[in-house]
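Listed after this line are the structures, all set down as structure tokens.
Two complexes follow with subunit A in common, the first pairing it with subunit B and the second with subunit C.
And then the complex of A and B:
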């Protein structure tokens, strides 16, 4: 008999906490709409979704995959940037937009392959391996762009397809949001419903047990890091199409938010597992908090304090929830 | 340093947790300067009794006397002040600490801020280990570099620094090799010579018989018998614990060995083992034993593709196979029940159903997606079949007892329809009743035509369950025994000295 069995489980408490984050999101929306009249308008909400949330959501989906496999991908931003660089370079070289997009994703896959080689091949911890990739990616961008200069698609020759990717809408919904929906649905199916997702879960929580059950631990990890980088590079293509340029190191802006969102999402799950719906809620919460703070006139420099407090709150909920669940 | 420890008496203890009555008027009296055994199945109330002594649990009724003075409910602090120390089976040392840090960390009594003076700290630690146990650990070693036995010695030394009068050992040998157990017993003997009292809790009755002066047997929350282990045999103690006869513990299976399923010839992975040849048949339980370093462990690992053998030939169903990874072994129908159940056998954070289907996901998937309905149905059936005690297929395996966790591991391979079972110490750390159930499962597997290779250091278990027993010594199979024609002493002699001549039954 262990100590755990001595405490009678308080069944109601974890459930209450589980709804803490959706509740917090609702509270944030109500509070800001009272304080800032412009907050709860359709144009502001669509603006937040397209400008703050969509790209962060795509990078966070990528991050969720690696968190589910028991690691992290600190080089998601590198995959964003290299995807963007390859995409823009191909367009400037006169390639059709779809070929440029394929090249952009291939650049992402290349980044992921490198991570996979380090993590699955050489058994380096994901944290260190992807940190190394982050540094190398930084240098690579400096070397190929004269020390880190933006690369612009000449204004006169912007292909219509590029403008469509950057600003287009299908059935009135911006293309970026369609992409988020498609990627989120695919990643959710993969993690929560597929056989592969179960293998990821086992590798992510108990790699030894996965090995002793005959699972291909290394291939699972390799696939996850390649998929993560490939998804992140799609965000890079979207960014470039939006500003008609490659802007160096812009991908790293999404790194911290994506880690935050993935872990907020984990804290939502009763079983403390990385999950796509939770991650999306985390992205929404972080996005609306920073937008709301901006609207009520908080100094831009203070906004990250808001995000920080939010993550502390989520961790606190997760921590108390875990103790109760024990 | 001879300390006269006080007499400890706990009387009429009652403790209920919700609907469960963990203690129902239990008493424990321990004479000073003795080694007192405390035995009972899981759930008999041993742990609760000890937790009351540690001040972790407050009893509903009953009293505690130390040295004739009645005490109120104990607190952890109070237990420490009385000089009661606890050595737990789970190592409570920080893995990345040095030996010195592990010994002195959090011990304000030494007064100096030696944390800053690592060299001095380590020298003091080395001095103490030398003085108490006459051993020298590698210089600058971290806790994680030490063997389990060495870690345990560090833990005991740490407890001794607080000048205890009574030391409680809670399943201290669960993860120790036989040699390490011998060493621990020497240490306990030394403590006794110094006048300390020890309370010794173990599932291994042979150990109790070896070192205890008196034994309290617990069953259903009460102390049901007080026996002298020198006059009462382990069979009788077992009967008192489970209230049924020990011969029921080892059910014989009715299968007759059929066609060869796994044959190994000239297998070698120097320096661990060499020239290993044997054949395992359908419906057969083949025992395997050997001391630490005999290569038996490495042989078992290589058969599951964990550390592949260099040379030799492995045939499954007469076809030569390469077992280069666990995945390859699993595809050939080989199942592994690893010794370290909690790190390798079950994923504690995952649910019973998720654990059960982990090795056979393709069978539960359609177009790459998991068929939850089929999964749930199969797992529910296995839970019934193996009588796994769980609140349901979706309960986390963490919430199950050790024996039931082990059944989940076996269920995992049944779901895969594996035909060759490699069992590595399958009953370590589970109580007598769960052991009996695991033995019944092994017998049933054999009757259903499975071929079983059982690696165990528990000679009674090998004699009770196996059809044949192979003994390894220094990397080679030195003898083969038939249980009905051999004894534990012979097996032991073969493991210790590599004696080849005696007990050879027939060559496979």
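And then the complex of A and C:
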């Protein structure tokens, strides 16, 4: 069995265009450091990375896996929320923080298992399967929180380990950034450097050819959706540790940007496939744009317009010259 | 280009050789007669099942709450479904013309954003002292402009529809915030009063607008060459191109009409709420659900105008009935989700195991 055909350039983009997103990011960085004096300081950059980028990056890494397999996971936010709910509930029930964290990830895996059942088991299109999961997850959260009330960890009894997860640092680098680095490295190794990654990309590019080439398409898809939800639930645990609470539906805020980041990232690949470095660039682009617009004094409302327009321009850079669309 | 086409043709040859049923372009009729028949019968049952589910829900509520089937309540369901239904119709056109592959095919994520922006334009102009005509014209123009931006991005700039409309959604959401500053903008115009009246057949005018939009689109899509060509562009782009259809024009038009419908939905939503309110983004997923759920009502399980209308009314009836039964609204989303899964589960079971897009 050969996977060589996977390298045949279906959408052979001129190599220059692959650098559209790095170019856009560089332009954004240069422009804002000229316009806003505080932009290019270490404290601002670390602030952006911790506050705007870290959580979005984790959710986007999860999204990248499913996009690479030819689908999308609209329920990443649900996995974030259910991870957060399980984590906070366990802490309130008096469990040690590490057990709570394990339970949080298990809640994520449960969400992923449900998706895997629908997608790999019942052959439902990922987009619609995860849309259904999203709706069911919404109801589940309404029912458990009496319509969407946040659940707080009582201020008197916040365990030190929880505060460490939320605000701690190792070797001077915030824990959230370590987690991003570890997850990104693991996902990159899996997608770009393992045999399994080749199988994922084969399933994502030509599912039928993959199926009739004897690839275990169902197991590949099942693993991808479980892994995606598990990674997303880690973001949920970080959010809860940050605010000492579970806030219903807060994970959905990351959904659209993670889709945006993963697809913006595809422009980095010669064959337009989802890849981890591209996704991370996409997340950085989105994060620095909103921070820069804030620093040059745009109000929140115009920031939304501005970042929408800039994403549009980035897409334009990334997609110019594409000729495979019908 | 030649590399690409040779890859595609070798792929087609591979598929023709190895795919037993799903991928074959034109199997000889006698070869598939038996499974074709049973699958057709199953499809018939499934179409029946969609309507049956709708009727069962109506019957259940009618028995439990007699006031469910009164004209007043039916009118209420129609007006509650109007905004969702109109947006769903817009998305249905995009799905028909763009094809049903979620990633590469047609999708318009900006519809909910268009709704919010259009409503904000309408209410803001109203506050600034403009009358019916100016407000309606500006609102519809806003919808068309958003549709034009989508059309331009998808056809000319060749950005993936999923991404292009995602970016446009963000732009719309931002502009809406700029106009409303995240507050509720009240509106009051003769037109709004007229929309809130009860019209012919004892039905509210808002609901009748939905019915009228459905009629126009259903007739156009079902009974004109334009509709047939739109399905061809979405389902078999290569064949459509070979038949001399201008794909770009059809794709662009579908986004333009969807944008226009977004503008109409904006006016209806201002009329229904007597204001432009924030939170239109929450409509996005229900709109997608409506358009995809609508496939349950079509024989070949494809998006259809009438199917989408039925799906919107179905979801409206569910929410309304639960309200009358005093069932917590917390369950509504979950039941909608389970319905979507049941429908698409049945659909993909029908389409065959190997036919995953």
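Going forward, the second predicted complex is superposed on the first by the 305 of 326 C-alpha atoms of A that agree within 3 Å, B and C clash if a C-alpha of one lies under 4 Å from a C-alpha of the other, contacts with A are read in each partner's own complex, and residues count from 1 in each chain.
To be clear about the criterion, a contact is a pair of C-beta atoms (placed from the backbone, for glycine too) under 8 Å apart; a residue touches a chain by one contact, two chains touch by 3 or more.
Just so it is clear, the model here is predicted, and its values are computed rather than measured.
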Partner, of subunit C and subunit B, that touches more residues belonging to subunit A: C
Partner chain in contact with A:271 - subunit B first, subunit C second, else both or neither: first
Partner chain in contact with A:216 - subunit B first, subunit C second, else both or neither: first
Contacts of A:309 with subunit B and subunit C, given as first, second, both or neither: second
Contacts of A:206 with subunit B and subunit C, given as first, second, both or neither: both
First (subunit B), second (subunit C), both or neither touched by A:143: second
Contacts of A:196 with subunit B and subunit C, given as first, second, both or neither: first
On subunit A, the residue positions that both subunit B and subunit C contact, one per complex: 5, 8, 206, 208-209, 211-212
Subunit C-facing residues of subunit A, complex: 5, 8-12, 70-72, 74, 118, 122-129, 131-140, 142-143, 147, 206-209, 211-212, 256, 259-260, 263-264, 300-309, 311-312, 315-316, 319-320, 322-326
Contact footprint of subunit A on subunit B as seen in their complex: 17-18, 22, 42-43, 47-48, 51, 56-57, 304, 326-327, 329-331, 336, 338, 343-350, 354-355, 357-359, 361-362, 364-365, 368-370, 396, 412
Partner subunit B, residues of subunit A touching it in the complex: 1-3, 5-6, 8, 189, 193-199, 201-202, 205-206, 208-216, 271-272
Complex interface listing, subunit C residues touching subunit A: 1, 3-4, 7, 11, 14-15, 18-19, 22-23, 102-104, 109, 153-154, 157-160, 162-164, 166-175, 177-178, 181-182, 237, 247, 285, 288-289, 292, 328-338, 340-341, 344-345, 348-349, 353-354, 356-357
